[in-house]
């Protein structure tokens, strides 16, 4: 039976302390709601933080890895999907998520949110900065939601999943 | 914590009754051993049978889907990884599996076993026919194992995982 | 001997008349400079216009196609690279281009420019709108160039290729 | 206008002297017929040899590269398509070829011929060994042709293109 998958995108090396804190809290809350957490799965930044949050709350963690062998994986990833596609795997992150969250913003993340609005996924921006909000809202006003914190993000996910 | 993933490859529409029976039994046994079952995830042939076997035994089922929306997925798939890559996703099936099983043989399956021996994964052939056995054994004698039935396949998996 | 490849990204169905006019002129000028034109290759919008421009000026035209059979290709494409990857092929467009141009903006294009700044390609924005300029300049100030017209775009390409 | 593309697949490091000689001669003959040569594009074995043959005969050479930057490319490649997909790019080699030739056999090549028969491309085996011939002929008798030398391969290509 298909499980609901929530994708948390966001910067790796460029993540801020707030992004990592948000990502950990998102991972926790996603797991507590019984959803699967999906991320880029690497052992760095928001990917690692979201995976650890979900893992610590007893959730199931899927990582879509860019490497050819999983050597880049967060230790908190349960299901390593190995793509050997580098950043080309970003589109798989989006396609496989029922709701997409951008937890912070960076170059790779911008490609993911671009794919998300192209594919037509509901997409929540959390702490991505004003310019990202304005740009993606202009591109796809019907798909982009802006959340002011983790609580509001979780409320939006619930609303989007039940609609 | 990374879970062990066993990949069951095999024909879709071209699967024989024996292939489907084997795939179902493999799915069951994989789940009973606490491993994750991974397959191409489609709602047909050995993919569907292996997923149903693992599901019915209470296991976790991952499907790496060729479609852009999961509309082709077996109902027994828990984690739908959507690739929109068609047969290009075959290499991800192999990369993500700790041990690869070829349950029967077909054109798409042959590309998967080709990727498997190229990448260097231990690969078990079950009911693939004499010509496939001879061809892939010649290509990669150190990677190819031939099993005569599901029981022997399971013994080989255990041996390979512990080595 | 490796040929220089200039990639023209931009909207398909959502292209404005100005975008298509710019894309045609870019294709022409790229061909006149002896460079290969690369685009997403589809028979619509800026992809088709850029391909036609390059073709009409006697240039070589490469299309990286999302379909599985090239049935979506612009008639002006000489070299059809068939990926069957849908929008997943966007990253190949970027990886294969020595300089990337965004001729207009849209959802799919935003994923391409996101990949471009992640990979580190010099990227020229032409008529992408203020919000795209501000967003991508903030993400990667050292990679993003804004051109006011086709002439300035061509001057920037020459400067970037000689640096 | 779409150009005819002939794909020459075959081993890299594992190529025999005969494979490389055949690949060079195939590249030459393909160029002399006005067709584009496509290969995996790497600077080794049959890929390099086929590219050099086509280049030396004045033909156009396309390489679909596994690397993220083209650093692995044969110097004879004109059009570097960079995929960063590793062996995942093998399916693109096949999808983009009007006729596929297997010049020798190896693990990676076997995945390509597997994709080829799955996709339904006419596929010519040259010096691939008895076991490969028997295996792929059994899989797809209507798609597999066996050639005894380069001359016969070229005759088969002409016949296949005109049918």
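Labels A, B, C and D are assigned to the chains in the order they are written; within every chain, residues are numbered from 1.
The definition used in the following text is that a residue touches a chain if its C-beta (ideal position, glycine included) is under 8 Å from a C-beta of that chain, and two chains touch if they have at least 3 such contacts.
Here the structure is a predicted model, which means the values were calculated and not measured.
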item: Partner chains that chain A and chain B have in common; value: C, D
item: Self-contact between copies chain C and chain D, residue sets same or different by half; value: same
item: Interchain centroid distance [CA atoms averaged], chain A/chain D, Å; value: 40
item: Chain centre separation in whole Å, for chain D relative to chain B (CA means); value: 28
item: Residue list for chain B, restricted to those that touch at least two other chains; value: 68, 83-84, 86-88, 91-92, 119
item: Contacting residues of chain A [partner chain C, same complex]; value: 86-88, 90-92, 105-115, 117-119, 129, 131-132, 134-136, 138-140
item: In the complex, chain D residues that touch chain C; value: 1-3, 5, 36, 55, 60, 62, 64, 68, 70, 73, 75-84, 91-92, 95-96, 119
item: For the chain C and chain B complex, residues of the former touching the latter; value: 68, 83-88
